[in-house]
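Both complexes below contain chain A, partnered by chain B and then by chain C.
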Partner chain A sequence: MNNMELLEIKNLRKTFDGKEILKDINLSITGGKIIGLLGKNGAGKTTLIKLINDLLTPTDGEILINGKKIGVQTKKVVSYLPERTYLNKQMRVSEVIDYFSDFYDNFNADKAKRILEDLDLDTDSRLSKMSKGMQEKVQLVLVMSRSADLYILDEPLGGVDPATRDYILDTILSNFNENASVIISTHLISDIERILDEVIFIDKGRIILQSDADKLRKSENASIDEIFRRMFRC
Partner chain B sequence: MEFTFDNNIPIYIQLLEYMKIYLISGVFKCGEKLPSVRELSGLFKVNPNTMQKALAELESTSLIYTERTYGKYVTEDRELIEKLKDEYANTLAKSYFEGMKRIGLGKADSIKYLEGIDE
Partner chain C sequence: MLIKLLKYDLKYMLKNMSAFYILSVFFAITTRIFFNIEQSVIVKIIGQISLGCMISMIVSVLINTMMRSWVRFRSSLYKDEAYLTHTLPVTKNELYNSKFILTFIFFFVSFAVILLSLFIAYYSKAAWQAITDYIKVITTGLNMSTFFFVLIALIVIFLEVFNAIQCGFLGIILGHKMNSGKVGFSVLFGFIVYLVAQTLVLGLVFIYALFDNTVMGLFKTATVNIDVNAFKVLAILSSALYIAIITVMRIICKKILNRGVDIE
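Our next item is the complex of A and B:
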């Protein structure tokens, strides 16, 4: 296991139109872990994720990946599943695979094809012709088929049925390697908590807690979902 | 087989229970090599780190041991496994009698019911 800081965030702030969306975020994440970034809608999860992916610029503070400031070099080692798809839905699965192959040096097309084959998916079909659940699976498979150091999955379970959810969790588990880390952002905690090593609670733009998941269950005698609800009862 | 986990209890503790039952029931036999952490976490569909933690706990009670670089093995101490089996059997028996007591049946009657069960 790798104990060097994979992701380090120092005094990060982000404001939009004078409104502070993220307030003094400090985080450090090591390799080999699955981490839940948990917060209600509007807590700042997606903003934080976009900053880590260099899609937004920090107002203050810094983000380091493998000790380097974010930029072209760090983007190569971060594989990101956005909340909303950026793929052209008219594309066929085979075309998306080619697109990923062109775009990313570390994309393993054979691996993606193999996993998609197990899904009984016709790679000639267009994304637009597939169910929402199937589209989500395809995108996750693509993202997990890159050999990256950090996988960031923004709400990978949004609106999928329980069988699809289990498939997604298994895909995450069986494809993450021991040096990489996976950050999964979600507000659907109970669905995902059993696979998490660590949890980060975010609320109103602040990190409220970062802890080992099982330690937290043990000390509070409750599920992560329950602890979260207690803390943020509205 | 599908393994279910209760989110209210640390996952590694539940894995530890599953593993102990596998040891008691001989799914993993005395002196035998255990599957790798990867294989086991695949079997239970859990995070490999959590599996690793459960195995570390199992190792701390000497039920399994690590043969440097070769992997993990089940203890060769048959008595240790028997002792564990005995503990589990006692707990199960106690909880049976407690349940029967709650509906007003004593030990002798409870045993009669046990004898009446077809396997």
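Our next item is the complex of A and C:
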């Protein structure tokens, strides 16, 4: 799958109430990469991610995953972590694991249980009895326990304490296969910088930069975090 | 995948409805017990309280079946849970069908629980005889069998309630198309859809009546004396119209859902 286009976005536009949120987005992502989707608040990161996941409908343009339009087949190979808690809070963690096992052929329940145990999360607990941070950890574990082609993580470190961030990043690194790609949207650039292969800067609904992370660091002689601060200084 | 979706939808509804079902039957049993043991003032009071509780539980079962169906539909397709629902490898048709069948099943279950509660609380040979005698008076007047009368009455009631639930589904979908954040739009559209559906049924019956004098009698007379044939025609015609309207609403719901959603 390497070098074949895993995600292809052509002339994508999204408007809400006549206001253009995403403007003519063109993007190609190949397999085997960790990509940082970076931008200020309201730049259009989450809108783009939601469009890829069929949670929003494009105004114009096309999104292809493995050459296929968004649908049942593409959803089988995309593992998505939203920025909010989305599981039915009446359920126990073990029930959510069963739910994922039922719907996703590529979900590894044993792996999920093992990681949850490492994170001291009880599978018998009801989600409603867990803190928001704990629920977010459960969601991340479920998402990373799938053997997907494309992982899309929207603010995976947002509600997590700094001590757990490294564990989560290691979890991400060690739980996706070499042909898969991971798109991470976050504000905490310094935390994820070490794992990024590629960066995409998005501003005011447009992609203003897509580059190899190492090449960018070399050409600008600065870290991604510094480059981001420089580009988006208010 | 539809079976899997339905499995989790059924679990959700059962979790939320079982308390009402159990309490409804429980108060039916206590009503039965307290009305059948030796009557003292205290026992009478407890019996009346039990009866009141049973009636309120029956009403709760009915209201909750409708409300929970709508809440489940909205939360799973448009609220936070939608982030999971719409990213599952299932079609939008399967998502809709799951909710449709869920409502169908739970309406039957709720209806059965209500009948069971009433049966437990009130059944006696004399009461049964009174009911069958009463139905016989009606069916003799209408010149139809008791079985056919009960069947047609149940079908019309079922279709009427199911139509209301479907109007709610379409209202939720249209409301979210207009404004995904405000539940008010869904309620407003649900109400409008219901009014339109009811007006449509009435209008079509009236159009039919223009060609059938017996049915036109229903619109002209102020008395409750309904022509036998008019009743039969009205029951069959309204059932057919409800089925047609429910089917059309189902097609519209699926078409809109298949065009895509905008989850806030």
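Methods note: the second predicted complex is superposed on the first by the 231 of 234 C-alpha atoms of A that agree within 3 Å, B and C clash if a C-alpha of one lies under 4 Å from a C-alpha of the other, contacts with A are read in each partner's own complex, and residues count from 1 in each chain.
We take it that contacts are C-beta pairs under 8 Å (C-beta built on N, C-alpha and C of every residue); 3 or more make two chains touch, one makes a residue touch a chain.
Keep in mind it's a predicted model, so treat the numbers as computed, not measured.
With both complexes brought onto chain A, simultaneous placement of chain B and chain C is permitted, the two fitting side by side without a clash. Superposition on the shared chain A places chain B and chain C such that, viewed from the Cα centre of chain A, they span 160 degrees in steps of 10.
Of the two partner chains, chain C is the only one touched by A:Asp102; chain B is not. Looking at the shared chain after the overlay, A:Asn88 reaches chain C, while chain B stays out of its contact range. Applying the stated contact rule after C-alpha superposition, one finds that A:Leu22 touches neither chain B nor chain C. In the superposed model, A:Ala112 makes contact with neither chain B nor chain C.
After the two structures are overlaid on chain A, the closest C-alpha atoms of chain B and chain C sit 27 Å apart. Touching of chain A by both chain B and chain C, each in its own complex, is seen for no residue at all.
Across the interface of their complex, chain A is touched by residues 1, 4, 7-8, 12, 15, 80-84, 86-91, 259-263 of chain C.
Within the complex formed with chain C, the residues of chain A that make contact are 16, 50, 53-57, 71-73, 75-76, 78, 80, 82, 84-88, 90, 99, 102-104. Residues 32-34, 169-170, 173-174, 178, 190, 193-197, 213-215, 217-218, 221-226 of chain A are the ones touching chain B in the complex.
Taken in their complex, chain B has these residues touching chain A: 5-13, 41-42, 45-50, 53.
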